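Naming follows writing order (A, B, C, D and E), and every chain is counted from residue 1.
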Amino acid sequence: MTTTTSKAMIRFEDLRQEFTLTGNTFTALDGVSLDIADGEFVTVVGPSGCGKSTMLNAAAGLLDPTSGRVMVDDREVDGPSTRTGVIFQQYALFPWLTVRKNVEFGLELKKVPAKERRVIVDHYLELVGLTRFAEALPKELSGGMKQRCAIARAYAVNPEILLMDEPFGALDALTRVHMQEQLLKTWTQERRTVMFVTHDVDESVFLASRVIVMAARPGRIFKEIKIDLPYPRTEEMRLSDEFARLRTQVWEAVYHQPGVAEAHQ
Amino acid sequence: MAAKDTYIAVETPPLASGSPAPENSQQKPKPASRKSPATSGRKLGRKALLAINFGSVAAGLGAWTALSAAGVVGLPGPVEVLIRAGEVFADGTLAEDTGASLARVLSGFLLGSLLAVPVGFLMGWYQVGRAIIEPWVQFFRTIPPLALLPLVMVTMGIGETPKIFVIFLAAFLSCVISTYQGVVSVDKTLINAARVLGADSMIIFRRVVVPASSPFILVGMRIGLGAGWATVVAAELIAAPNGLGMRMQQAQQFYDMPTILVNVIVIGILGLLMDRLLLMIEAHLTRWQERR
Amino acid sequence: GAKADDASSSNAAKEPVEIKVGYIADYNGAALMAVADQEGYWAKAGLKPKYLPFTNGPLAIQALGTNNVDVVYIGSGALWLPASGKAEIWSVNSVSNADRIIAQPGIKTLAELKGKKVAVPTGTSGDQLFSLALAKEGLSREDFKVTAMEPPAIVAAFAAGQVDGAALWYPLIDSAKKGQPDMVELFSNEDFIDTLTFPSTFVAAPGRAAKDKDLATGFISVVKSANDYRHSNQENTIALTAKFLKLKEEDMAAQASVAKLFTSQELDKLSSDGTIYTWLDGLQQQFKKDEKITEISDPKSFYNSELFVSTPAV
Amino acid sequence: MAAKDTYIAVETPPLASGSPAPENSQQKPKPASRKSPATSGRKLGRKALLAINFGSVAAGLGAWTALSAAGVVGLPGPVEVLIRAGEVFADGTLAEDTGASLARVLSGFLLGSLLAVPVGFLMGWYQVGRAIIEPWVQFFRTIPPLALLPLVMVTMGIGETPKIFVIFLAAFLSCVISTYQGVVSVDKTLINAARVLGADSMIIFRRVVVPASSPFILVGMRIGLGAGWATVVAAELIAAPNGLGMRMQQAQQFYDMPTILVNVIVIGILGLLMDRLLLMIEAHLTRWQERR
Amino acid sequence: MTTTTSKAMIRFEDLRQEFTLTGNTFTALDGVSLDIADGEFVTVVGPSGCGKSTMLNAAAGLLDPTSGRVMVDDREVDGPSTRTGVIFQQYALFPWLTVRKNVEFGLELKKVPAKERRVIVDHYLELVGLTRFAEALPKELSGGMKQRCAIARAYAVNPEILLMDEPFGALDALTRVHMQEQLLKTWTQERRTVMFVTHDVDESVFLASRVIVMAARPGRIFKEIKIDLPYPRTEEMRLSDEFARLRTQVWEAVYHQPGVAEAHQ
């Protein structure tokens, strides 16, 4: 059902991203090449600071690669596009807008009529369980509620491509599972292309058709693990042997990389 | 349990200093000294604050009375000034002058602030815009309004236009600096968030940069308002038929201190009131801010 | 005379012409306006005045150049501007007698101020009087610590005893006196009545009278009538001016007391016999000494006495 | 695969508008038009920006020349002003005046800014402090410096003190508003973080509030600097033996436009240079900011 | 070894916390009473928005309770104290200070001599794996690195009481395990009192001697679950039946509360 041989929606071509860090050049990503097929669900895991967010930002058109490039739908990314929705690791809610207005923001820009907008926003607020807090300001939300608001904002514009940076990291386990299911449901129905950064190995296996395991220093792709579980994924699958096997495989790939021990000396 | 006892015994001394003796452990909940979040003094009621405001003003008036009573040359006391105020109020001069000056300051200030926001944005957003505009803004900011009068008169005549222009300039130049700083201080991730939702520069300006930098814009407006009022005297040097500044000038020719002070105080009070208005607007516009 | 009469009578029938008059808000600078308003002289001359207040002569003359104002009142301190071709005099108003060189109590001569602080408002008639006094006593500015200050600032400084001497004028001196009741007057305009006279005038842009003869004659006729009214109704004029300027009558009275007034007939005579030209020559010499002008020009080039004399009152 | 094909077929039209045709898919990496993060225009080199700066100034000079050539009354051209500048430079007046004014502005400005920071803190931090100080700050901000002269002279004499005081006041009053706003805008969680690490009000002020509100403080200082220069003329009305403002005043009495302009331009340029200095300091102090 | 009968270090007494939310009174916490014994390790779990952070902030002296109070060592909390270290959910790093300076901040305030400071800071930077980034500014760190910096900052001042708000939420699984072990090691040696908010049920069981399960609307304590596993806790314990049982117990308590279904309708 998923495949990497179909047309690439997102293509990283030998991407290299350097930053200036305390006067020196710091290589955050080096030689990252990756094809994400149209309609594919890819999760990215790797140690903290290995460049996951950097990679995602490059795909979102928010960075200027030092060398190499990112192509989306065969066109070089040179800025953000409305085809791409992003959920930022730090939420990036507009603090002066209420929850409702935050979620509505992208719809207004798309010139969706007010009435339609209301329906869409209500739908996504309910999805993330923030209906009661529609008129609250971000400063009045708990950490997890902020994150859910950011999720609703990204979903509302219904983008073809979703770039999600640890989108469920601040959620409690049940909400998280609920969100995972919702995401998979939408994805199966509408076949978004999804690039999903997570720290949770379980989550990476449960959601993806392919897990990209990254290594640090410099940030690079260490391994790709195909997840052959069929969609739709069910809660039972989490308990299956195949799932356990894949989880172990991902875990090993992430944590038995050369150099990991040194990072946690 | 043994471990716990040991722990108490070795309680690290440097930390202990931070915890006074627990003698007040029996106090009631919500004692008056309870600190509110992140505030060193407790929150005072509106009335208490107004009372302090009032006390402060009263103290100032007292100092003034003492100063003039002590015979500082030419300084009339509050009573004398009040009498003069009554006179100019009665003959309608005060109302006319206030109206005229207020109209000038308001127009100049509003024009200045309104223009400052987009110009500040141009400067903060486009490097080219900044390179073109900045030297002029900086240059004119330091030029005394008095020095501009001849040129302004030559190009704009002596009607209301040049007067409003001088005030406009003062307000604009203060406000534009602040707005510019606001624009460059906007959190990058918010701009990115807007961009990925499809916002172009215009929309980012209106819907992200303006709200995000509203504290800066309002500082600029407040300073600009002050600058506008402080410039009204210079503006009304240009053949003004009326106005608080013009009347002050005139009184200065006669060294008529009570009249000077009446006008100065009216200017000060008007400025104060307008500033309060701005503050109220600000509180409304920036209530999303997590603030002290 | 008849020709001018025709002009004024025919003007009266027509729609009144607007004339923009710049004044300075004091007795000398506004009395004639107040009178002309009250007595309806403007209407008789077929004019409709628009008054524009200025705070000083140079600013007013600058405004002449912008065509926003037709004729302005200036004090004698600014006469160097007409002398250097920036304006032409249409009429003399009065002669000031208000300037004084004052000093703190105990000082009796200018020489006693040597090495001390003397406040002088640059470019004013006070400044001119100071120059005259220096010349008379054989002193120079270098003998003093001359500090340039704004007139109101001088009042404050003198009253507070922060300067030892000053060049100032009435009624400001009255204010300064409040702080130093025993101050002394070392010189006044009277001391130099032969050498130098300080006339205040009405001036217009150079060449304006030639271009707009009707306007000029209309204005001069109004000034003449008002001048005569002022001469014979001094109390009344003070009240009118105070009302016109919304200022206190006592301030006006104080200023009036140090102004030397002439009847229009006297002014005609002073004009035709060349006395006014002599005044202007004297002033020019003074201006040159003070480096305000580089050369002395023929006073006829900026005061047309014939036009003044030939224009009758309304 | 069927699902995928279907998906392409139903590609939502409204979104498509955001993606222009992929005709430039073959371009090299890092093309010149590549956008840097969050910048709408690409970053320009220092040289390019300086060139634009220069061009802007040249255009201004051109406009001036044209204006004076077109015969705007009394407006001398750049050449005339330059000649006059040469004269006053040659006879040493310019150096003396510049030195005198610079000393006054610098002292007044530095005193004003230094005082504004703690006072702004008092106002932002303690409600009582704010209630006491604010009416006076607001009141005096709107009072024209010209109106203050007599009082200042009566109380401080006519030496350097009152001159520096007037400039100090202008700088202080601008800066204090901005600092105050900075203090109330500091992120509450940072203050909380400092408090749980044991910081008292003094330390929070020095180590959290000051750095966190440095963009505001520097806006205040920049505006205050401008206000200081703009006030130098008023200050030098107080019996100044020298100074750019005093010389300008003097020239104004004589209608000496070239001299006025020489002094005005020198004031402008000095202001510009000092502002640049402040900007450099600011860039250094706020490099921690995530900024455009 | 742990007990709730020993002297209470932190005591919540019928705490009620209201906020004004879009003009209405919103009750974030209602009737929260809890004793945390001296030297106890308590974890707090509960659905997103149930008031965990609010409770922690109250204990830190950063809130003004609507009614009730919090006592620390028998003294009413009326402001922050240096006895208490806090790790905030949003990190709250000082953006103008480098990583090193952030960690050093509390030590400077405690007037620790510079040389000693250096040793302490180096130690904690190594602990959290940020040695290489000591001179970086917060804006130059990845999400997980920011969190680790916040952890180091709180540890460095060596507080008696640690209040930690989802401190490991942004860390990858391996770093997280490493951090858990380090925390337990320190705790066992020096017997800090720890209140630890987490979303991770595994983590809550692995670390605590008692798990406090909270319920939402209004935020309140729903259940307390004693974790009878002996300290020191080992990786093997995670695989034990007892651990599984406790995990299930906590999970059930969190997610089979009345009203949870409604929250995720």
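The rule we apply is simple: a contact is a pair of C-beta atoms (placed from the backbone, for glycine too) under 8 Å apart; a residue touches a chain by one contact, two chains touch by 3 or more.
Because the structure is predicted, anything quoted here is derived from the model rather than measured.
Engineer: Count the smallest number of chain-to-chain hops linking chain C with chain E, moving only between touching chains.
Structural biologist: Shortest path length, in steps: 2.
Engineer: Looking at C-alpha means, what's the farthest chain from chain E?
Structural biologist: With centres defined by C-alpha atoms, farthest from chain E sits C.
Engineer: Starting from the mean Cα coordinates of chain C and chain D, work out the distance between those two points in Å.
Structural biologist: Result: the chain centres lie 43 Å from each other.
Engineer: Please report how many Å separate the Cα centroid of chain B from that of chain D, as a whole number.
Structural biologist: For chain B versus chain D, the centre distance works out to 16 Å.
Engineer: Of all residues in chain E, which are in touch with two or more distinct other chains?
Structural biologist: 61-62, 79, 82, 90, 110
Engineer: Using the touch definition from the top, which residues of chain C touch two or more other chains?
Structural biologist: Expected reply: 62, 65-66, 152, 155-156, 159-160.
Engineer: For chain D, write out the residues touching at least two other chains, lowest number first.
Structural biologist: Residue numbers touching two or more other chains: 18, 37-38, 73-74, 150-151, 154, 189, 192, 195, 198, 252, 286, 289-290.
Engineer: Can you name the residues of chain A that touch chain E in the complex?
Structural biologist: Against chain E, the touching part of chain A is residues 19, 21-22, 45-49, 52-53, 89-90, 98, 126, 129, 133, 135-136, 140-145, 148, 165-166, 169-176, 178, 199-201, 251, 254-255, 260, 263-265.
Engineer: Touching chain A in the complex: which residues of chain B?
Structural biologist: 189-190, 192-199, 203, 207-208, 211-212, 214, 286-290
Engineer: Could you list, by residue number, the parts of chain A that touch chain B in their complex?
Structural biologist: It is residues 60-62, 79-82, 84-86, 88, 90, 92-97, 105-106, 109-110, 137-139, 153, 157 of chain A that touch chain B.
Engineer: Which stretch or stretches of chain C touch chain B in the complex?
Structural biologist: 22, 25-26, 51-55, 59-60, 62-63, 65-69, 151-152, 155-156, 159-160, 171-172, 175-176, 178-179, 245-248, 251
Engineer: Which chain D residues qualify as touching chain B in the complex?
Structural biologist: 18, 37-38, 40-41, 43-44, 49-50, 52-53, 55-57, 60, 72-75, 124-128, 130-136, 138-147, 150-151, 154-155, 173-174, 177-178, 181, 183-189, 191-192, 195, 198, 201, 215-216, 218-220, 222-223, 225-227, 229-234, 245, 248, 252, 257, 260, 263-264, 267-272, 275-276, 286, 289-292
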